[in-house]
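Here the structure comes first, spelled out in structure tokens, and everything after it is commentary.
Per-chain numbering from 1; labels A, B, C, D, E and F assigned in written order.
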Amino acid sequence: MVDSLLEPVVLFFILGFLTNFLKVELRLPEAIYETLSIYLLVGIGIKGGLQLSKIHDISTVIIPILGTIALGITIPFVAYFILRQLGRFGPADAAAIAAHYGSVSAVTFAVVQTYLDRLKIPYDGFMTLLVVVLEIPAIAVGILIARLRASKEKPNYRQLAHEVFLNKSTYLLFGGLIIGYAAGAERIGPVGVVFVDLFKGFLALFLLEMGIVASRRLGDLRKVGLFLVAFGIGMPMLSALLGIVVGLVCGLSLGGTAILATLAASASYIAAPAAMRIAVPQANPTYYLTASLGITFPFNVIFGIPLYYWLTQLIFHL
Amino acid sequence: MELVKRTLLTIISEAAIERLLVKDLQKLGAHGYTIMEARGGGAHGERMADEEHNRNIQVEVICERAVAEKIIEHLTQTYYRDFAMVSYFSEVEVVRPHKF
Amino acid sequence: MELVKRTLLTIISEAAIERLLVKDLQKLGAHGYTIMEARGGGAHGERMADEEHNRNIQVEVICERAVAEKIIEHLTQTYYRDFAMVSYFSEVEVVRPHKF
Amino acid sequence: MELVKRTLLTIISEAAIERLLVKDLQKLGAHGYTIMEARGGGAHGERMADEEHNRNIQVEVICERAVAEKIIEHLTQTYYRDFAMVSYFSEVEVVRPHKF
Amino acid sequence: MVDSLLEPVVLFFILGFLTNFLKVELRLPEAIYETLSIYLLVGIGIKGGLQLSKIHDISTVIIPILGTIALGITIPFVAYFILRQLGRFGPADAAAIAAHYGSVSAVTFAVVQTYLDRLKIPYDGFMTLLVVVLEIPAIAVGILIARLRASKEKPNYRQLAHEVFLNKSTYLLFGGLIIGYAAGAERIGPVGVVFVDLFKGFLALFLLEMGIVASRRLGDLRKVGLFLVAFGIGMPMLSALLGIVVGLVCGLSLGGTAILATLAASASYIAAPAAMRIAVPQANPTYYLTASLGITFPFNVIFGIPLYYWLTQLIFHL
Amino acid sequence: MVDSLLEPVVLFFILGFLTNFLKVELRLPEAIYETLSIYLLVGIGIKGGLQLSKIHDISTVIIPILGTIALGITIPFVAYFILRQLGRFGPADAAAIAAHYGSVSAVTFAVVQTYLDRLKIPYDGFMTLLVVVLEIPAIAVGILIARLRASKEKPNYRQLAHEVFLNKSTYLLFGGLIIGYAAGAERIGPVGVVFVDLFKGFLALFLLEMGIVASRRLGDLRKVGLFLVAFGIGMPMLSALLGIVVGLVCGLSLGGTAILATLAASASYIAAPAAMRIAVPQANPTYYLTASLGITFPFNVIFGIPLYYWLTQLIFHL
């Protein structure tokens, strides 16, 4: 645990996270934040595409994809149920928060990869594909629940499909995957140096900023109530368990299962908030932003990842 | 140079709904609009533009009084409940009245 | 739709004192404020926002006339000597007068 | 605190001519000016500031009515034909009238 | 051809180019666009300076420079003539467009270098110098034609000279050249890593953005008419032929000639639009921007470069 | 000397510095300037932390730290005295300028490190710690003098302490130090590539911008008078001498002493101006900005560093 705290990218996150407590005025400019997101998404995609290009029998990917889709549909429903029944949230707020927890955080994915790479734990070559797959259904399910439960309008299915399949994150991840796959290891050359070899350094810079953003969100902790704080820690653990089960059932490797668990545990804070503000305007953004960005994201980066890996090991060695 | 009175409608709101607002303005008869980045504070707390979701915009529309009234009526009904929003009128003089 | 008169106070000044200004506004009774990035020129020379120390901001406050007068009085005493600053009133009409 | 009336001239136009505009303003007697980044839409189509050549600026000048009229006259003759441009007057009150 | 489409930098361009068709909302922030332009111009310059510092007999550069100047003066006149006579454009529009096609696109230069480097085709060490040389006369000629044909004012020769010799692009390219030349391979060290070795990765990121920008321009295609679309593809081919002739006459290598052809074919979309908006305000920016950015740039990056290289080979082996 | 002018990072600075004279319109966007500052501060910190992690007996650091604190308190008093007595400046202006010269420029530190690294001159592993130590007292002393001499208000000591210990620069430098120290050489891996190996390339880009900023400041030279111009060159030389003395007394190596001299000679232009505008509003920013940014910074980067190194050698070999 202490060991994983000494990982430089985690240290960068903590450096950012402390700014709010120490009242240090520090922010990366918005333009850099946006550019780093684009860079990281494409970089994750390219790395995944290069790994994918080494898989011989592409049909081995089908079962994990189906399992991941099931996971992506299940989690928002479970989250919605918990938020409604235990948390006493209204349907709009519950649906919007649920969409966040069904979706994924690509940066958390990058951190868990970094974690496993350092421990030299191998994982399946198609994990990045699963990120894309897991991202897609959750936002759709969230919007659908919201539309059905919290508004009188009929959902605009065409616009919904566009938002879900062609949002910025999905497009960049998928585009990177295709570039990596099409170019392959021989052609990627110096482009690979910038997007793959330097990846971890720029991830560190991004995590500095994410730490700052997350710690600012903590200021709203009082506003969201104790239940949501507990949810922000408990829900990812529950999702991680579901992820481990799916990983086992679909025959993923140990490393792959730990990654799927982390993906399931992660909550979106880029695609989902933007989509929800428009699709479910009645939902209070303070709830979903504070939960996913202020609680779940730091929890996952600092404690969650080693925990999910440890849990996966435990279950694999049963 | 003859100057003619028109109404300047200013809307300060969340950047998230820029697209929706522009569509509304065009539908309701505005011939043009100007948008500037803004931040601020009000009933919905501080919106200091340090993250995408708390960025404001200030939209300005020069138009005839009647159009401005139609727009503000629409805004009140559509956005005032769920979004951080302030809007107001002021009186301005323009050179080419047919343009607005 | 009934519209009520309020005063729009606009302040253009150095970005360095943004924090101080916002605190002052709140203390003096403003219920909200909007800030935009600006550059410009005047008695203190060109302030073209090409470096942090010559960046301007434009602050807008919609409030009752009395509050606006209290604020401008305070600005005159506190900042006019040492800082680049311009401020002015204009008359606007709002929908929800209780808000301002 | 005595407040005196002045005219606020607002110009929205293409960022490409910022330099030319500022020179003109100074030549025609403005004592200062404020510039903000803007985007928008109008007769010249959408100018959404997503590329350098379709960026707008909003220029504000507080001055005496006569100066404002001289400036708007000049703008009409020099830029209205070839450039995307809107300009308008509004009435404001200032504290230090000698400054404007 | 397919092979050249699999080049990662071209794939990045295509990824950007598709956004407009798929209605994906993606942009690199303006600040990054500007910074990457600066970086790429300096990087191109430094690489050129390092190559230049290896040339023993600097006098071999003179003939190619003179040939390139001739090329830079010829192309805008040819373009002006075609636009006036065949395209029925007014003098202001024709002059402004002509200036764009006489000038060059440094990014297209970077892409053709990348293309030849991958094929391991050598080229003359002074090609970057020719970029600077080719950029300079065209804008001047364009402005001069415009001033003589489309306005009553006498050209302000001093301001013109400043705009032509000391615009941002020329200054950065030339500055980079001098830094590369003065520092040389031994001193450039880690600065060379960032500006030369990582170049291609950042070029890829820039091309992602250029693809987005170019595809947005396509929206104005209807406004510019069929003739300009044809001109945007035909003119670069004609200029490429002129470039090949000049390359042959001046004794450039095969690789150098292919580069000169590409340079001739490329159209400016940074320096020229800014200069023309002020110098020829009557000209409609939609025309020159759509032609150079929406048509010619993508054509060159995707199809033109392999075509010009193939043409050069053909003519060299006559 | 000529040799040090051929150093690429210095050439980048000069390329920027010439823009104002040649009226080239060139600026790096504000967002990039800010991001590069953050990157450089963290990078300097990490490099220093890695060096620090190699020091066995940490107690050897104590004496140099004490000496540096003494230096940081002395310089602003000396500067204040000179500005008041010889320069006839008012107490507010003198105090504000003095604070700038007591504080340090982290970028100048990076340039002198680059200079010594290229000459392969070793220096003590704790120099980065001394940057932090030297930065802290000067701003405090400056503010204190100003408060005592130029205003009636009692200084707010808590706010002062916050400004001094938890300003952005100090926080990032110190944070980087801790990350480098905690992660150590084995863990820093690819994060080290971006923040240490690529450092010089990004420093070059930043110096391009600093050159532009510095040269713009020169426009105000007429406004500040001849005395301040002389002060902007003479004061750093005097401070460098004090730095050499302290270095000698505290037993620093030759390289370490040259660095301490350069640190002493450098003047702040980020933390100090922001702090002074609020703490001493009566002071005219044109004075301190022009002196520290327009005169002292370029002087140090181009001439000062080789000079201080030469002086250090001279005194060491007495």
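Rule of thumb we're sticking to: a contact is a pair of C-beta atoms (placed from the backbone, for glycine too) under 8 Å apart; a residue touches a chain by one contact, two chains touch by 3 or more.
It should be emphasised that the depicted structure is a prediction, and the values quoted were computed from it without experimental measurement.
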Worksheet, complete the sentence: Chains in contact with subunit B and also with subunit E, listed by label, are A, D
Worksheet, complete the sentence: For subunit B and subunit D, the touch-path distance in steps comes out at 1
Fill in: Contact-richer chain pair [A-E vs C-D]
A-E
Item to complete: Taking each chain's centre as the mean of its C-alpha atoms, give the chain farthest from subunit F.
Response: B
Fill in: Rounded Å distance between subunit C and subunit D, as computed from the means of their C-alpha atoms
19
Item to complete: For subunit C and subunit F, let me know how many angstrom lie between their CA-based centres, rounded off.
Response: 36
Worksheet item: Considering subunit C alone, which of its residues make contact with at least two other chains?
Response: 36-37, 90-91
Practice prompt. Check each residue of subunit A and list the ones that touch at least two other chains.
Written response: 29-32, 198
Worksheet entry | Touching pairs - complete list by chain label | A-B, A-E, A-F, B-C, B-D, C-D, C-F, D-E, E-F
Worksheet, complete the sentence: Listed in rising order, the residues of subunit F that touch subunit A in the complex are 29-32, 34-35, 38-39, 42, 162, 166-168, 171-172, 175, 178-179, 182-183, 187-195, 198
Worksheet item: Contact residues on subunit B for subunit D in the complex?
Response: 1, 3, 6, 8, 22, 31-37, 62, 90-95, 99
Worksheet item: Which bits of subunit D are touching subunit B when the two form their complex?
Response: 10, 12, 36-43, 56, 58, 69, 72-73, 76, 86-91
Discussion item. Help me check something: in the complex, which residues belonging to subunit F touch subunit C?
Written reply: 27, 30, 213, 216, 273-274, 277-278, 281-282, 285, 289
Fill in: Complex contacts: residues of subunit E adjacent to subunit A
6-9, 11-12, 15, 19, 22-26, 28-32, 118, 197-202, 204-205, 208
